[in-house]
């Protein structure tokens, strides 16, 4: 709850625009609104936007309309194609965004599409921040995302109070597309971690280890990352409510492998891991949580008939 | 520092035997001695044993001699061949060990050789504990190892006070060779983690990310396991004093893959990771710390001339 | 040497257009010309086109100019981007090509770009044949290429006499983009074969087998494909004049993996093979013949200091 | 049909012994017998030996009994353990074999066990030929196996007339265990070929290519090895009568990977291929023909419910 003084200070800030109210975007936009910033928003499907309107957000008809009235415009969308449409399309942000204002894309997209947005931003004298985030929906709701940002330092500093509404771990990692690469290399490790754990647990399972105790010990071990901790309950119960899907991690691995391809960095393990997620997509399990790659490994080991 | 009462209690315990005074075994044996237990020991090369003698340990000429005078005999050796010699060989523990006493092997070896030791133990009415440990030399010195034990529950309970001198995290995971498999599946994840990190950091490096900041952020991220934390300084400085070598992790991957082979569990990522460590061994870097697999990935990416 | 009658018959055919006079395109166009067909041609760099002019070919200033005067227009270019420019660009074939005429692309490109060309062809009522070829320059010169064609059957039949100038093995494999996929799946096997051979020979080499005899025996064995036969001399002499480069096979693997990604077909071995070629590209060996991946494996095995 | 003179010459040869009358060994032994050589034989299960007796072979009760009466003793058995028993066991060949005679093992086993046999042969002044073969049962019956032999040159020359009854392609590849390694490196390529083909055909299948035509074209292509030719009919009909099983190729890959491990040769593709065969073994398909790994790839691609 901001004090009156903070409130005044904030409303003296340029209004905030938000494009993309999906599973991540909606709770993020809501936090900005709750912090007292005036907020205009757009979502492709109006339904999701409605709840934001009830909390005082202003719904507009296109990214272009949002950018026209905002000093800082955020986007949080699904992939390269969506960023292209939202930023560069005929109803996109760059049709209307004012010189001197700021565009902050928080999506996980390729450095390639991001570089094209950067070029357009330069043309239009707009400050462009890449600010992809780590953390699931729960973290988005509680403002505990990790934010990896790159782009002009001054724009980053100016936006820091806004970004801190979304996440306390806030890093500025370079003047250009560095944040894109950093996000992807973390996510490729996220993808490898799930397969690494799936192989190990399957080996233990087939050799008669106690399932729950094994997971407990793995979690307590040197390889027990926070990610494994978050997933320990799901693994123990073999029940994976989809937080981050196999299709999403496959997409992120593809983006990382694409960076590897374009900059000539061999990534043999990631390449193999990607094909295993491909095995999930091919068998209709793209929408499942990516940690259910455990089932794939169990199938390969003859421990489970295929779904 | 034990109280007098504890001291009394302990000295009423059967004397302790220790076979294998290597980088891990010596500090472990020393802790047992310092806790007030009478200790007889044997090491293949006498040099390493000498310092133990100065602290009150009694040096004997063979594993058989050690076992002859000990109620609980420990071994901490390098590999399957060493366990075979030390336990089953003509000067080995099972030549002399008394019925009703306990043999505790703390090495990382295959379930196969362990099963042969188990058979011999059954024949001789000896309680056989498998108690492989996780943790490096530093952890061995400070008694903070993780101990994964399996074998007869009563023997485990009886040995718990001794084992607690070596590590606070102490688990009993089953009546047979479960601890062997569990240790190996954790170590195969240890091996995969280093390659996973090496791929990711190499990708970031070639794309111009700030090296130190990237490592800091990876460490703070969801994949930032304790292992990555321990190695953060080494990675940042690209200086890897050999704690756990490439040759050792390759051996442990081989053991894990061997369990996978014998119990039909496909481990595609581990198999690939093993071959990358093979690339270190083939180029004379078996004795290097396993995290220096980073150099191999940098070489593959054209970032570093080969050593 | 055609008979007079054949000559008459052929000159009654619509004139032939040819776009792309690279290492493959030039000898192919020359064969068409030598068979008596009037030929107009375009190449991005005029130098290569000159020799064709000396043999009676007519050089024009753009793909559009070529298509404007040709009943059948061929293209043989490097990659997706080149096909996009040559077919769909502002100076491209589809700016001028007449309804009822035929466009035959013989390049190795993705089904994706090919589908876009197909759409344009439908719009313009142009018959569109995809006709990628297998075989190196030597095969192009002697008219012994293998041609995998797909697209409208009637257009294929009408073009068969022309295509037979280029290759005797001529297949019609479907009405749409089937030839694209078939070409890519063969080339991904070509890429895997080289790595498969490199692993095997390196294993033999390090174990003291006679190099030349080993290659002879492999060539005579059940796995001794024609490809291995073509390469036996190069392998024996460890001298690989670049016929098909590492960069080209990496590109084709990428296209095949792209098809796998879009149609959900896991290709774990191909994915790994691609990363090994990536190791060649990253170390400046993209322009080397792809069979020199042998050197990479020898380096990994410690048999050869890095180039 | 040998001439009388040949017959005389042969019967003046020392009698031949044969140990191991399995799918390969029986037709091989039968060819020796039919060529007019007196033959004593042993098989673990007597049933298989009976048919040989009807053709004039003499059945004995152990490898030791066979070796006692033979100038040249052959063995053709399943694996390392069988060779150890048959050669070095208490009823084994080396219990009775005479100094100056020859022992020829034609099995596919590791260089490790072979080296132990070699040592024993040296002790006993026996000439020891390693002569593993390539080719299936059909080739064994018709005497068209490929024989890769190593060991003493004089023994090889002396045995050549016998070996030529079994295969025309007969190579002497070194004085020691070279033939073991060569056989394994060929077989690892055999294993990789099947997976390579399975990936490619699955990609084509899911993209709508005509199944039979695709296989025909692959067979005619540069990668169309004899092995693919032998398997074309099976692939086309998706019907794989077990000639060489998944379990056997997995074993041979393990032996090859073992040589790679002991001599430090990274074999990343072979290692991955092995794990895919592991997926067959784990799902009860070890006894299936190894080319039915196609089914596994089809399952991974969602083209086939699991068996």
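Letters A, B, C and D name the chains as they come in the text, with residue numbers starting at 1 for each one.
To be clear about the criterion, a contact is a pair of C-beta atoms (placed from the backbone, for glycine too) under 8 Å apart; a residue touches a chain by one contact, two chains touch by 3 or more.
In this text, all values refer to a predicted model and were calculated from it rather than measured experimentally.
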{"item": "Higher-contact pair (C-beta pairs counted), B-D versus A-B", "value": "A-B"}
{"item": "Chain whose average C-alpha position is farthest from chain C's own", "value": "B"}
{"item": "Interchain centroid distance [CA atoms averaged], chain A/chain B, Å", "value": "39"}
{"item": "Centroid spacing, where centroids are CA-atom means, of chain B and chain C in whole angstrom", "value": "54"}
{"item": "Per-residue overlap in chain D, given as positions that touch at least 2 other chains", "value": "260, 264-268, 272, 276, 278-279, 282, 300-302"}
{"item": "List of chain B residues in touch with chain A within their complex", "value": "111, 134-135, 146, 148, 169, 171, 173-174, 176, 178, 181-182, 184-186, 188-190, 192-193, 195-197, 199-204, 206-210, 213-214, 217-218, 220-228, 230, 256, 259-260, 263-270, 272-273, 276, 297, 300-302"}
{"item": "Chain A residues touching chain C - in the complex, by the definition given at the top", "value": "254, 260-261, 264-268, 271-272, 274-276, 278-279, 281-282"}
{"item": "Residue numbers on chain A that touch chain D, as the complex places them", "value": "268, 272, 278-279, 282-284, 299-302, 305-306"}
